[in-house]
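Two complexes are shown next, each including chain A; its partner changes from chain B in the first to chain C in the second.
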Partner chain A sequence: MSGTWMSTRAWLLMTPLLAVMIAVIGWPMVQTVGLSFTDAKLVGTAGTFVGLDNYARMLASSNFQRTLVTTVWFAVVSVGAEMMLGVLAALLLNQEFRGRTALRALMILPWALPTVVNATLWRLIYNPEYGALNAALTQIGLLDAYRSWLGEPGSALTALIVADCWKNFPLVALIALAALQAVPRDITAASLVDGAGPFNRFRFVILPYLAGPLVVALVLRTIEAFKVFDIIWVMTRGGPANSTRTLSILVYQEAFSFQRAGSGASLALIVTLLVTLLALAYAALVRKTAGRAF
Partner chain B sequence: MSALDIIGVRKTYGEIETLKGIDIALESGEFLVLLGSSGCGKSTLLNIIAGLAEASGGDVRIGGRSVLAAHPKDRDIAMVFQSYALYPNLSVHRNIGFGLEMRKVPAAERDRAVREVAKLLQIEALLDRKPSQLSGGQRQRVAIGRALVRKPQVFLFDEPLSNLDAKLRMEMRTELKRLHQMLKTTMVYVTHDQIEAMTLATRIAVMRDGRIEQLGTPEEIYNRPATLYVATFVGAPPMNLLDTVADGGRLVLGDNAALPLPQAWKDRVRDGRRLVLGIRPEALQLDAAAGPAISATVEVVELTGPELVVSASIGRQRIMACLPPRSRIAAGQRLTFAVEEDAMHLFDAESGLRIA
Partner chain C sequence: MPIAIENQEADMSNSITRALIGAALLSASFAHQALAETTLNALFMAQAAYSEADVRAMTEAFSKANPDIKVNLEFVPYEGLHDKTVLAQGSGGGYDVVLFDVIWPAEYASNNVLVDVSARITDEMKKGVLPGAWTTVQYDGKSYGMPWILDTKYLFYNKEILEKAGITAPPKTWDELAAQAKTIKDKGLLATPIAWSWAQAEAAICDYTTLVSAYGGDFLKDGKPAFQSGGGLDALNYMVSSYTSGLTNPNSKEFLEEDVRKVFENGEAAFALNWTYMYNLANAGADSKVAGKVGVVPAPGVAGKSEVSAVNGSMGLGITSVSQHPDEAWKYIEFMTSQATQNQYAKLSLPIWASSYEDPAVTKGQEELIGAAKLGLAAMYPRPTTPKYQELSTALQQAIQEALLGQSSAEDALKSAADNSGL
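Here is the complex of A and B:
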């Protein structure tokens, strides 16, 4: 009796939220699906039904394929580097030394900055005329002449990855640091008495406690990196010569720059599908790690 | 040659001195228990022996060799921790053999050693399991196995039974004693449990505030406690401590109650000196002929099963007695307790030291 009453009340309380969610997410989603089967433009005619044409064209286009490769490269390299840097920073900040608390607080700073601010900051650093990177590299003699780091197709993506890493490794470090503090002192002490060196200690004592939280960080970061838009939009807008164009940028260009709402919608749904698949694969990984660790 | 020498070991954290000069020499095969309440420095001392904490002064020698500069792995010690400290993702087999694995002992030899120890501890059937699949008692056996397999000169135990429930703790205690009798190795064992100390130790060091209050065999600690602190720490229920004043060959307990001052102390205690008389609850008898007697009024009677614990008052002071369970005693009753002269302990009220 009270069960039905409770569930009625629960639904009643959730209705406003559900209404808002349907209005701002559900409805646009349905619209997008509908749009993706048409050749609609952003302005003008409503478009006619073209079936799966948009999907077929997008998947077959070299633009999409190249962009997918760029996105995967961006995600793998930046997340990989973030994980390594993050764990390294966490291991360092887990040591006892003077000023540790201050340094821990300082480390969070890049992550706390809004992405746009971070992107602007790095644009200044990479500036071809007065950028700090050029100045530093020429002054120590590694570089003969100033370069346009973001203006050359060969270096732009790497420069972006560095900027993205700098912003996001603190999140990984924070998660890893919390995990490190959960490693029981006794086990560390036991491994010292047993004669485990730093490498074996990391492998047998620290890693079991680190693995679970790190997988969570990995999931969060890969999905975010796969959808990356803002940092690239502020720094390069996908250029030069589309060398830093990721899937989200491509969706934006298709739908808004080229005003092809229909094919833009189909592309957006393809990206959504890819990210969903990624999330499902990771969810399985999280379950597996959680089941195995202890 | 002694197995373990602790010489003037000190430890300071900034201004605070947690170990104020500890001296213990341990013969090979001894079982030393460091006994004390939390914060007395017993675990710090154990960690210094293990090399997990640095001494601020003094020396630690194992087998005659100073080890203070040596890494824990090079000290020829093994340690068992309160929390078991097993490696969570390794099997029982690898947990036990981990120290040997790190020392690059060949796999076949390692396997033989692990199986031998597992057999000794009756955990052969568990070798393929992970620590998470074991009960608390089994985990502690694995932790002990990990120490045994290395055959070190000195075993260190840091409250190894505290995480077990009461019944299991007793079983493991007996098990540890059996192991020690069989292996005859040198052991240092930290605990705050006086029963563990009494039952396991060949010698007990009662510690308090970074000092050794008394170092002696369990019998010495129990029968001749050197200070009031040791007297109350060892024994349950604790020793009765009665404020008293020496007066004309008597120990006045107030309210007309008094006991004759035992012959042995006659010439050492002047009249008017404030003293504390210690009598163990189990030393009080109902047989008036057994020795000097005092009267008391019974307040509470508790039957624990093997004995009857009687709380009684002598004037304003309280006294507890452990009597045979069949004694017919009721609250409000007036009782006369007899106590043998050599069951009486006398301490100076000011210094808390035993009057020898």
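Here is the complex of A and C:
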């Protein structure tokens, strides 16, 4: 079969998907770019052209800078913790023991929960008056009295990160577990015979098989963590004193609460650009690790 | 309509056109039958004031009286009400009837979200409804709906705890409140006797506004922020000192109204600032541990400045500019805001009608609340009327929390709020 036909057929098969993507992603994107150069309101006026004003104002605002720092911190810590927890859980669940299947199924549960449900659940756990966390910590003596977790700037973001980890580490674990099952038994057996310790077995025998899939998980989770909105909106609405306000919340406030569609669009595009840069960097990383591992 | 076709294919096209017209007529005739029933979409909140069950029961009564009008109800938390309304409007779909807060008519009118219903308001309504209620729906001399929930924040107190502390009468001034709370704290009755809703949300602004009204402050002067000095600053300073002195439950800074209600109903607060709806839920609710012990008075005043204080926390029902059925929508609003409907459901929200407050059917069993309402409703103080209200409110919420957390002084926090208010 000729290469041209293969390529034509590929394009033909892709056309419906491409058409849908252009309609639902491409076109709104073009409109957003157009909107970002205007001072349009969400309802009412169409707005006039203001050039790069929106971008300059957003980038210079202290709100944006502070929010960017919060977002990066949230993304780095939560994704880092999720990767570690995920791999550890996968290593455990890859062992032979009774009840393994049940445990594997249980582990998926948090990830299967809708984020809003998860956020409401953790809000209750963190409740300063009757929350389970306060009850547990005071009963085992780690805490003298009930305290506010989501009302203090020092603990609110950490509390959110814990809630986010609980929901999302199963995804990493699932991907890692699938990769672990592809590690050939004879290689691990051989490394045991050769007297490799647990750390060396993990580092030199197992990790090469895990690296590729883990980078995929890393990319997915980082992009999502960077765009985080719902869990924070439900739990703290960005408070206390805006200490948990992330970029997506800022975009939402600008575009919808304050109804400034123009500057909201510019802010959304700045976030999109940042996420795209991250994705590109990761893509390069994927190519590199793929080249090394296989 | 397709443009006339003038080539050989015209015949075929014509027959297709005829078939299409036929089909269109056929469906139109079905549509005509369907027109007999109008469907309205209405947006309410699931928080404070009338309960979801009350609104459903009222609507059911309306549908019984008007079988040709079907009303779809949707409930969102107060925090989502504004954005949901605006988003639905922007996306072209949207609601026919929306509940709106007293702070939104300026913005909704400027952005053409609600229609002007001034001409629909009858003389009977003008005469019967309390004058203060109309400010809820007016902007620039026009009315954008009917007031429905007439509400302000009252000071609730736990009679049993006050009695144990040897306090004979609830406080008349904010300083007295602090002194009484201190007595209760010192006697070991409660560690933190006062509960407020100071989460980063509109609820915090309502408590702040109550204090601003007590201290005789101004939000705006000639359209420019004026809350950073005078009464506005005194109000925030009071909040900060109540918080840092340990008289206020520190968790207040993550409480919304429902959290305050739970704490109060558990007997863990001697004083709480909250809306009308808390009275009957706390004093007669099955889940309340303080049933029968709940006292309610208007929020206190400040010696030499005010007798009582109150925020205008009323809400109205309006017709959106995208509604295809404004007449039916108004009929529904008329029913929901009618004296008969409001008198029937006066346990969680008090009527907008003046004569209802003398009606034994309304006052029975809640004489204390009615007494507080007569003083409180008359003193209702508005939050600023500006199309940029959301920005101002967001900036103030941040200022309040920064001051409470000690991240900056009340004065500095309010100054930066003034700078960030967009005004």
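By definition in this document, the second predicted complex is superposed on the first by the 270 of 294 C-alpha atoms of A that agree within 3 Å, B and C clash if a C-alpha of one lies under 4 Å from a C-alpha of the other, contacts with A are read in each partner's own complex, and residues count from 1 in each chain.
The definition used in the following text is that a residue touches a chain if its C-beta (ideal position, glycine included) is under 8 Å from a C-beta of that chain, and two chains touch if they have at least 3 such contacts.
As the structure is a computational prediction, the values presented were derived from the model and not from experiment.
J.: Which holds for A:Val50: it touches chain B only (first), chain C only (second), both, or neither?
T.: neither
J.: Does chain B (first) or chain C (second) touch A:Gln259, or do both, or does neither?
T.: After superposing on A, A:Gln259 lies in contact with chain C but is clear of chain B.
J.: Once chain A of both complexes is superposed, is A:Pro208 in touch with chain B (first), chain C (second), both, or neither?
T.: A:Pro208 sits against chain B, while chain C stays out of touch.
J.: Looking at the overlay, does A:Ile187 come into contact with chain B only (first), chain C only (second), both, or neither?
T.: A:Ile187 contacts chain B only, not chain C.
J.: Please indicate which partner A:Ile232 is in contact with in the superposed arrangement: first for chain B, second for chain C, both, or neither.
T.: After superposing on A, A:Ile232 lies clear of both chain B and chain C.
J.: In the superposed arrangement, which partner chain does A:Met58 touch: chain B (first), chain C (second), both, or neither?
T.: Touch partners of A:Met58: none, neither chain B nor chain C.
J.: Where on chain B is chain A touching in the complex?
T.: 47, 50-52, 71-73, 77-79, 81-90, 98-99, 102-103, 130, 132, 146
J.: State the interface residues of chain A toward chain B in the complex, per the touch definition above.
T.: So the residues of chain A in touch with chain B come to 184, 186-187, 189-197, 200, 204-205, 207-209, 292-294.
J.: For the complex, which residues does chain C have touching chain A?
T.: The contact residues of chain C facing chain A are 79, 82-83, 86-87, 89-90, 107, 110-113, 199-201, 250-251, 253-254, 259, 262-263, 266, 268, 388, 390-391, 394, 397-398, 401-402, 405, 407, 420, 422.
J.: Which of the residues in chain A come into contact with chain C in the complex?
T.: Residues of chain A touching chain C: 41-44, 63, 128-129, 148, 150-153, 236-242, 253, 256-259.
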